[in-house]
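Please go over the structures that come below.
In what follows, subunit A forms one complex with subunit B and a second complex with subunit C.
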Partner chain A sequence: MRWLSLSRRALAPLAWLSRHGARALNAPTPRALGARRLFMASAIILFAAPALAVNPDEMLKDPAQEHRARELGKDLRCLVCQNQSIDDSDADLAKDLRVIVRERISAGDSDDQVRKFVVDRYGDYVLLKPPFKGTTLVLWVGPFVLFAVALAVVFGFYRRRAGAAAAPPPPPLSADEKRRLEKLLKETLPKEKGK
Partner chain B sequence: MIAEIGHFALVLALCVAMVQATVPLIGAARGRASWMAVAGAASALQFLFIAVAFAALTNAFVTSDFSVMNVAQNSHTDKPLLYKVAGVWGNHEGSLLLWITILALFGFAVTLFGGNLPPGLKARALAVQAMIAVGFLLFILLTSNPFARVEPPPFNGSGLNPMLQDPGLAFHPPMLYLGYVGFSMAFSFAIAALLEGRVDAAWARWVRPWTLAAWVFLTGGIILGSWWAYYTLGWGGWWYWDPVENASFMPWLAGTALLHSAVVVEKRDALKSWTILLAIVAFGLSLLGTFLVRSGVLTSVHAFATDPARGVFILLLLVLAVGGSFALYAVRAPAMKMGGLFSPISREGSLLLNNVLMATGAATVLLGTLYPLIADALNLGKVSVGPPFFNAVFLPLMAPMVVVMAIGPMMAWKRGDLPGVLSRLKFVGAAALGVAMLVWFLQGGSSGPWWTGAGFALAVWLGLGTLVDLADRTRLIQAPAEAWGRAARLPRSFWGMVLAHLGVAVFIVGLTASSAWTTEHIQTQKIGETVMVGGFGVTLKSVDEVPGPNYTASRGSFEISRGGTVIDVMQPEKRTYRQPPRPTTTAAIRSGFLGDLYVVIGDPDPGKGGHVTRLYFNPCIPWLWAGALLLVIGGLISLADRRHRVGAPTRAGAVRGAKA
Partner chain C sequence: MRRALFLLPVIVFGVMAALFVKGLTMDPKVIPSVLINRPVPEMSLAALPGRGENSGLATKDLKGRVSLVNIYGSWCIACVQEHPYLMEYKKQGIVPIHGIDWRDDPALGAAWLKKHGDPYERVGVDPAPGRAAVDFGVTGAPESFIVDKDGIIRYKHIGPISPEVWTKTLLPIIRELQK
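Coming up: the complex of A and B.
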């Protein structure tokens, strides 16, 4: 149902954003960011278009450095888009972030330093892979706990069944019952074979 | 006038659905045959009324009746007919009308084909089906009327989003909804079984083909959407772990688990209570997906809060449906008789393990999709959960499942022989290891990602393992002369399983190779300039303006050469639509056995001259589509199995057996 939310492949070609986006890089307050996102959420719906992200003029000369920038870019969120990385989005803010990442790489930062640089300015929200900490504990550990619980339930299921099977066997058939059983078997077996 | 008829038909359908939701239920409880029989007529009538409404809206779109607000907002006279029709479901109100139309169609199908069903079960299932219909009809009539008029009507409409004007997307929503809503059948029958208090092989035999049909449609719908994303969005991605995608993927996972556990109910009369739970969960996730997409909660929690009417209504619907059924389940399921015994090492055991992994996978996707909303609501701060998270957590859960998928079908029912099965698979294991090493060597060791070897090993393990099972069952090695005859006598459901599992293996190859080894060249290319991509020479020959029905395109012509000889011309387009005025890209794709050459034309570069071009070689992408196609074909063949046509075994015997 991808078509139902076009906004996520959105393009926000607003001069507004490029001006304010650049300023936001220097001193973003959380509240200002929240307000901007809210505004953009309504704006990007109006400007849905295919994403043609990384442009030739942004790319670094050194292929190894460019490769690092691309790998980093995949994990950084375009803050004004829905669930798009900065590599996938051609919003101006994403472009600004791509340029920042490349500037830091050219300045000799390690991958972790670049990530820290961006997180320091935008918060954890910018990371598409949330960091492992108190508030994301449930997210990271949850699936494996669930799996362990499910296995335990299945194990308990087998135990109970094994217990039920090991219960004292029913008393042996009486002579009358045996005769009835033989009669029944004779009646039904040929039919079963025919099926 | 026609629009009003459509509106009125919806109101009538609501009345009929209310009758259908109550009278048969009371009839079934009191054993009154005539009351139960109401369900059949009501379901036919309900379908008729909703079909009239759907036809009325389609008519408004085809004739461009801009006095209907929905048409004015989402259509335009210039649009080709296909997209006028597709525009019916290309918007909120219309897509809900499609939803309810398909729901009514399924209900009617129960009446048409359910002649051999026990009357009580049928009446109850149809009543549950009608309850869902009441909820959604109220939702449409109270919050999302597709027939609302606009005064004064505009001269022309604002047009359909150009990205939706694509054949892939025209058929994607109906396919997806057939799958989503198809799970309502399994749900209705699960609730009916809970009300009756019994589940048996006859129940499973009836539910399975409907679940299978829904699953086939859902699979097709999801893949159609992925395929569309692949050729439209312009950089060769096909899955983004987006909440909207997850909304369709979660019911798929639950539905796949349901298909497999229903086999155990049918063949072995075990796992009944779990199967019922899965049926509830699969449809619950479909409803949740509808809620996520329709309420606007994904765009932002704040947008949801500012216009809550729709969101709150559908949330209420979700809570009632899921909460109600879980409550019923909690009360009635413990009373259900335990069925056949089996050891953990058996066919049932491996299907159960598959179910545990699938369910955990679905829960993981659910957690990741909802976590940002939960964190926001609890003031834990803004969190993004994107593709890197899902890849890191979901894929490790699926790897063991693929390992079990090769072993499970070789196991005997009740008590399997694991060492025996593994010894039959030892050559397959060796081949998987060999391929993993070969892949590692070919990609240049650690210069590629570490997981490529693992991905290929899993694909080989599953693919060859499935083929070994097939060879054993046809005695291909021992008696090759008779193998063909044996193969022809194997049940179609077995062939369906073989094809679907092979499809997964082929899919894994495409997934692994395309994620790991895509090559990309982004540059400003001048006319006449050649770039080498994946062994192909790609030369930009010209860029021309080309008119379309409701857009103009700048079309690039690229000459493709291999070893100095020209083998093809590729023509990607960048289109600008007139109404609404938006650009879209259409990539040119040349598919081959080894992968796709993928060419996109971008904007002209005013500084240097020439155009920005994006050239990709996406290895093994066609394997993805081929794998998905095998899944769908496998499902269809299994659907054609003889036992689905000859009908269920008589129920009386099963009941007596259960009581004895």
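Coming up: the complex of A and C.
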């Protein structure tokens, strides 16, 4: 029976813990726990590396070429999930395009040639940054034109107001006008007082 | 002039609303193809197992008559939806239908045709990374291309073919090109 008493003594701290709860272990209060969780969650969100869909087996051996492929892939739209680039997308078609972009690079194509290869098949739509040309003129220049118009309107408004304020003061009243004014004031003021 | 200025916001709102309403009715998956009026891309695709050695699909097979090239795959769910119609159009014999088994295991592609019926005259396999499909500017399956007698792509339909699409859009184009 000796071992029993020994083990009971050994277990004493545990029993004490269970009585006094986790607080005895300097456990955070529920509020501190909430703050800690919030901190962890934001840390996870803030410091998470962007997950690329590029698989290791797709990568080119030459790091410089792989870097070019990444830069190209960033600007190529995945046609399946349309607001992701082919580098970000897990879609099969995006993978195919990544592989084909790398094939073109390995074959010695320049960046522009690779881009042209893809645009020849999928149109300008495949470029996440639309090219500057006739059909996209409104897209690129439109905002600046609108801004210029708005600026002109605001400028015109303030100039008109400033113009009104800076108008020359009216000429002083003549002796005759002053007399008429006095007369008018005398006629009207007592009446108003009477009311 | 002043009055016209007060109407301006109403007019701007009207124009914006009209644009947005139009935008709502458009399908963002339907991207205009740049391959329209361009020759069929250069390709020479292997045949499906069990369909005969000479039944693959190459660029030269698409010359001489109007044809319909249909992108499918055994993994493609919408293809099951359009397939009975393709079978029906094959029976009508208006236009030869060719298939491209895209991103697929050829054995699965062949088994799929055994199960659902085989409407195709020729079928080429285009395993990943689907080079032929990329050359065609394919964005998903099913997709169908109308190719004219000279091997020039004249129309692209994205998504499953329905009887409505067939009678209203595809058939008139095919008939026109067959003249």
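Assorted remarks:
The rule is simple: the second predicted complex is superposed on the first by the 115 of 195 C-alpha atoms of A that agree within 3 Å, B and C clash if a C-alpha of one lies under 4 Å from a C-alpha of the other, contacts with A are read in each partner's own complex, and residues count from 1 in each chain.
Here, contacts are C-beta pairs under 8 Å (C-beta built on N, C-alpha and C of every residue); 3 or more make two chains touch, one makes a residue touch a chain.
Quantities reported herein were computed from a predicted structural model and do not represent experimental measurements.
Once chain A of one complex is fitted onto chain A of the other, the partner contacts of A:114 are absent, as it touches neither subunit B nor subunit C. Of the two partner chains, subunit B and subunit C are each touched by A:82.
In the overlay built on the shared chain, the residue A:123 is in contact with subunit B and with subunit C. Looking at the shared chain after the overlay, A:100 reaches subunit C, while subunit B stays out of its contact range.
Of the two partner chains, subunit B is the only one touched by A:55; subunit C is not. Within the superposed three-chain model, A:92 lies in touch with subunit C and out of touch with subunit B [touch as defined at top]. By the touch criterion defined above, A:72 lies against neither subunit B nor subunit C after alignment on the C-alpha atoms of chain A.
Look at A:151: by the touch rule set out above, it reaches subunit B but stays clear of subunit C. Taken together, the two structures place residues 82, 123, 125 of subunit A in contact with subunit B in one case and with subunit C in the other. For subunit A in complex with subunit B, the touching residues are 1-9, 37-38, 41-42, 45, 47-56, 59, 74-75, 77, 82-85, 88, 123-130, 135-136, 138-140, 142-143, 146-147, 150-151, 154, 158, 161, 164-165.
Considering their complex, residues 79-80, 82, 92-93, 95-97, 99-100, 119-123, 125 of subunit A touch subunit C. Listed in rising order, the residues of subunit C touching subunit A in the complex are 28, 31-35, 103, 128-131, 133-140.
Contacts from subunit B toward subunit A in the complex involve residues 90, 95, 161, 163-164, 169, 172-173, 176, 225, 228-229, 232-235, 237, 240-245, 247-248, 289, 293, 298-300, 302-303, 338, 341, 343-344, 352-353, 356-357, 359-360, 363-364, 367-368, 371, 375, 380-389, 392-394, 397, 522-524, 582-585, 600, 602, 605, 612, 614.
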